[in-house]
Amino acid sequence: MSKRVLILMGSDSDLKIMKGACEALEDLGVGYEVRISSAHRVPDKTADLAKGAAQRGFGAIIAGAGGAAHLPGVLAAHTTLPVIGVPIDTGSLRGVDALYAIVQMPKGIPVATVAVNGAYNAGLLAAQILAVGDEALARRLSEYRAKMAAQVEEKDADLQKLGVEGYLARRS
Amino acid sequence: MSKRVLILMGSDSDLKIMKGACEALEDLGVGYEVRISSAHRVPDKTADLAKGAAQRGFGAIIAGAGGAAHLPGVLAAHTTLPVIGVPIDTGSLRGVDALYAIVQMPKGIPVATVAVNGAYNAGLLAAQILAVGDEALARRLSEYRAKMAAQVEEKDADLQKLGVEGYLARRS
Amino acid sequence: MSKRVLILMGSDSDLKIMKGACEALEDLGVGYEVRISSAHRVPDKTADLAKGAAQRGFGAIIAGAGGAAHLPGVLAAHTTLPVIGVPIDTGSLRGVDALYAIVQMPKGIPVATVAVNGAYNAGLLAAQILAVGDEALARRLSEYRAKMAAQVEEKDADLQKLGVEGYLARRS
Amino acid sequence: MSKRVLILMGSDSDLKIMKGACEALEDLGVGYEVRISSAHRVPDKTADLAKGAAQRGFGAIIAGAGGAAHLPGVLAAHTTLPVIGVPIDTGSLRGVDALYAIVQMPKGIPVATVAVNGAYNAGLLAAQILAVGDEALARRLSEYRAKMAAQVEEKDADLQKLGVEGYLARRS
Amino acid sequence: MSKRVLILMGSDSDLKIMKGACEALEDLGVGYEVRISSAHRVPDKTADLAKGAAQRGFGAIIAGAGGAAHLPGVLAAHTTLPVIGVPIDTGSLRGVDALYAIVQMPKGIPVATVAVNGAYNAGLLAAQILAVGDEALARRLSEYRAKMAAQVEEKDADLQKLGVEGYLARRS
Amino acid sequence: MSKRVLILMGSDSDLKIMKGACEALEDLGVGYEVRISSAHRVPDKTADLAKGAAQRGFGAIIAGAGGAAHLPGVLAAHTTLPVIGVPIDTGSLRGVDALYAIVQMPKGIPVATVAVNGAYNAGLLAAQILAVGDEALARRLSEYRAKMAAQVEEKDADLQKLGVEGYLARRS
Amino acid sequence: MSKRVLILMGSDSDLKIMKGACEALEDLGVGYEVRISSAHRVPDKTADLAKGAAQRGFGAIIAGAGGAAHLPGVLAAHTTLPVIGVPIDTGSLRGVDALYAIVQMPKGIPVATVAVNGAYNAGLLAAQILAVGDEALARRLSEYRAKMAAQVEEKDADLQKLGVEGYLARRS
Amino acid sequence: MSKRVLILMGSDSDLKIMKGACEALEDLGVGYEVRISSAHRVPDKTADLAKGAAQRGFGAIIAGAGGAAHLPGVLAAHTTLPVIGVPIDTGSLRGVDALYAIVQMPKGIPVATVAVNGAYNAGLLAAQILAVGDEALARRLSEYRAKMAAQVEEKDADLQKLGVEGYLARRS
């Protein structure tokens, strides 16, 4: 049976950003489960979710957090599954705080960090990780890439046809 | 009996900085215990140290960490004792990573953050916290402040006597 | 009698943020007094407030400031009570200026710094400090933590029931 | 047959940092190939290495780069294998330039970013990715984690025995 | 025949900013072609556009990109024409990510970087580059500068006449 | 006759911020002249304004600029009058660009820099400079300070009377 | 009688940098007094120094400080003399902390900020301020500028004579 | 006759970095002249050098500067030749100050900015600009690129032969 992806966040205020990860996984036909579980407010439950993840059939974990973003690192401490961290821009420091708090993990416990608010790419990365051992998924990823390329080509063709002003007028 | 201070760090490479906290506590006659316990490499032991700290007679916790510095926040999640965080400059990002990862804690779980590499001040702050309920310690803090002030006065007097060049010559 | 918390800010424009500290202290049943007193515009009065704080029954001071945020450090220079600093985001530098101006205090005079705009956590931290010598308050803090945990659990349960789209729809 | 890891860097000046990735993979018994291939100086060869990687039995790619660090992203554009990026501190901007140039990838093409100079963790992360489909490797990762934990415990035990001064004296 | 300028961007969302380059080139009577071609989503087509640019009569390339902005550097790897990079502010990191990812190019492959969102100046710079071998264009540039200077003089004259309040009132 | 203050900016888009300097000078009864003159678009006129300023009875110059803010430094190169620089927040880099471009002047040519968008304080500083040789102005400055202090005292008194909620309600 | 300059710093560790201010004042024949007086360790003495400065014949104050650099702002709160602040690079944050803590003063109390470690320029600026009311000093400033210009001209002449390699060889 | 490149810096302390530009131009057979001329200390001479540059046969200008790096922008204000700016790391702010002060030029006056300390690339960029109208130089640039590519290929071949340890041993 195909492995699924566990998506966590510490607060429901992060859900609007983190649903990007769900969308990517749906685009690629990968199953997932979304949980709210804070590294600081329910630390034991959070540890348990990480410890049991492999057993429950998850192949990767995605965790989004803002500020002193400890959730991805705390999960990574409790599992050897790959953990993908999404720094979330939640205020004055514009996500730089979350980026540093996620990416600068100490020797021994890596977190695979993506862009600030980059939840969609976190979903893609999880799919790429699962695809290492899943050829059908690897094929779907290739098709997804081809579709993306075609969209860029199409926009360029439209721009050649419409010109800059025409293209911008159409978009608004 | 007087409360003591629990000092933690995740790696023995932080000890050279963190011993500043020991020095401050010794200067003020406050007892302490120093432990190496990583939030990422031994997460369960670390949680246990925090959970048992109040019971074991500690009145405050000091935690130093560099990079994605999760240790102070992870400890704070497991105790309601005040946790003082010391961001440590461990590399390319010069401690800004650790500062953001410690100070930007989410609503509900504060960490009392001091300056980058400010372990000595962390010790003083722990003493100030314990002194809220310990008048003898409060008096020692006042005397410590008076001694600091006298040292500044003395340096200024020396400077007036020696002049800038003379003063700098004497120091080297 | 229980100790109270003195809350200061230099300008009434900071009050909207700083009332978060009042809310936290009310949530935990801790008394407080709120004052407007600028380190730069009324420096002598500000010094007097700090000097008299212990005498007047305060056990901790919370000071919020933006920009070249000197208020917490100036207060800390005049008392050995723990001073908690709240960096406030007041303009172009997004509170990084205030954070650096508060957290980077020199050896000898610490300020317990919390997150940018983190006034609520400053209130919690003050309560945690007072609770070191006040068992009833310590118990209220534990109950507060349990309530926070229950809220996270409840949100997670709702999310499992409603799904991502349903949950987000309900919130808006 | 077990999948291997392809390690790339644009300049041999990065090799001193990047050999950390080799060490991690050796610690975990994962095969690898190390190549020098610049995204800017030999762009076509670099593209070819990425395009052919899956075919040649690689399951993940690690790429290290400093400054305007394009190598990981350029590789990611030519393969759906997971690409791990290592920002390298090569000068005045202390690796912040490389971090931003690697982690902030656009929607559609993620790069799994680790800490500045974090090549060792990049190796671990590659192993964790391959372990999703390789139970023997997953077991080796668990053993590795246990060994790390034991080392921390041992250092803490030594510290309790020797005290701070004794411990620091022994290390120097 | 006069050389033209090739303007590229990776996404049509950058067009609103990048049309500033078109305006500058029109103001100076320089021909141009605008293309959408992503370094990550259609890397081969992007390489081909750079490789063929000199042959097709372009004398300079302008490329705008945000985030991990690789497009200018990727183009520069495939041509010896001068490449001008425009960092675009596309989100939380306010264009600092794009600036670093464009300006910090490694030895051997320069990119002429302009201000964040500075597409208009990129157009001017391209014109200045073409004008090195085109005296008529150089003259148009001098006239353009004289016109700019006259506008500043005129505004100053208006300000002297209207006063600060009057001038601001007129503008709103 | 009393010396006046010359206020310059490179673009009329800065006038909205820079009129703060006019207000401060009016509050203190100091005369001024406001000019639009760009260091880059009309460099010779700008140099002439600086060169002739002392002769025309100006005792200080205030210059506001955003981005690569050269105006204050360029003026300072052409006069030995004190030049006060106001970094203006004009875009993505939030005035940090202007701050660095103004404050980091090389040895030999200082610029007295104030806060980002701090035009009002620039006016006060100019007045403080002129007051060194103008006792009547020095007295007006003291009265201004006393008035500021009284306003803070009054706000604090209102807050004590109205309470936090009442005070905030009144303001909105 | 000519006015003098009061130079302050909070710690004798800043003296090595701050003597640059003395050198500049000596180069220009301006008298000065140097004092060690900390805003945090001897706040009342520091306030008294500021309050009495005008009375004692000082026309400007220079204050250097690192970290949460409060000294210049604290002095400015107690005098209407112009206060020049020198941010000092004292550690991990490389003087950015001191720069923000000095330059971002609130409305009403400006500090004239110079470059990080720019004590020499602080001395020049103080001289320029005193020269507003002292024509002899203004002439010495003009002569100083002419001498600086001549030195640059001389270096350029040497470079034309010796060539790049020859010039560099001579310097080492 | 082939156009040459004018290389300027404000201080001879920048010559060690700026000779990288000379080396690049020599590698490509482009003539140049190197001058020391400060935007702040000899502003009129600096303006004259820019104004006369086109007339004297220069086709591009390279200017290096640190701190509040005004030189490139000041030159650009006085010529329509392309001006290439090299931000130099001269102190605490690590060249970020110079980068912002050079790259963030206002609308109308662009500066082609390269990496911090990137003088060699500035030389290459100048050559690429001159090559737009000089086919022989364009060919030399292509050959230069081919040689660079060959060097990378050779290093990679050596690495395959020697292995990581062997390769690193040989280099030291």
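Letters A, B, C, D, E, F, G and H mark the chains as written, and numbering starts fresh at 1 in each.
One rule holds for everything that comes next: a contact is a pair of C-beta atoms (placed from the backbone, for glycine too) under 8 Å apart; a residue touches a chain by one contact, two chains touch by 3 or more.
These figures come from a predicted structure and were not determined experimentally.
**Q** What shortest step count links chain E and chain H in the network of chain contacts?
**A** 1
**Q** Please give the intersection of the contact partners of chain B with those of chain G.
**A** In this structure, the chains that contact chain G and also chain B are C.
**Q** On Cα atoms, by how many degrees is chain B rotated relative to chain F, nearest 5?
**A** When the C-alpha atoms are superposed, chain B turns by 180 degrees onto chain F.
**Q** Would you identify the chain whose Cα-based centre sits farthest away from the centre of chain H?
**A** Of all chains, C has its centre farthest from that of chain H.
**Q** Just how far, in Å, is the C-alpha centre of chain H from the one of chain B?
**A** Measuring from centre to centre gives 47 Å for this pair.
**Q** So the centre of each chain is just the mean of its C-alpha atoms; given that, what is the distance between chain B and chain E in Å?
**A** Here chain B and chain E have centroids separated by 51 Å.
**Q** Report, in whole Å, the distance between the mean C-alpha point of chain A and the mean C-alpha point of chain B.
**A** 36
**Q** Please list all residues of chain E that touch 2 or more other chains.
**A** 10-11, 38, 41, 67-68, 93-94, 96, 103-105, 108-109, 111, 115-116, 145, 148
**Q** Okay, what are all the chain pairs that touch?
**A** Every touching chain pair, ordered by label, is A-B, A-C, A-D, A-E, B-C, B-D, B-G, C-F, C-G, D-E, D-H, E-F, E-H, F-G, F-H, G-H.
**Q** Along chain E, where are the residues that touch chain F in the complex?
**A** Chain E reaches chain F through residues 89, 94-96, 115-117, 145, 148-149, 151-153, 155-156, 159-160, 164, 167-168, 171.
**Q** Give every residue of chain A touching chain D within the complex, in rising order.
**A** Chain A reaches chain D through residues 3, 54, 59-60, 80-82, 84, 99, 103-105, 107-116, 118, 120-122, 124-125, 128-134, 138, 141-142, 145, 148.
**Q** Which residues of chain B touch chain D in their complex?
**A** 10-12, 15-16, 19, 22, 34-38, 41-42, 45, 67-68, 91-94
**Q** Across the complex, what residues on chain D touch chain E?
**A** Per the stated touch rule, the residues are 10-11, 38-41, 43-44, 47, 66-70, 73-74, 76-78, 93, 96-98, 100-106, 108-109, 111.
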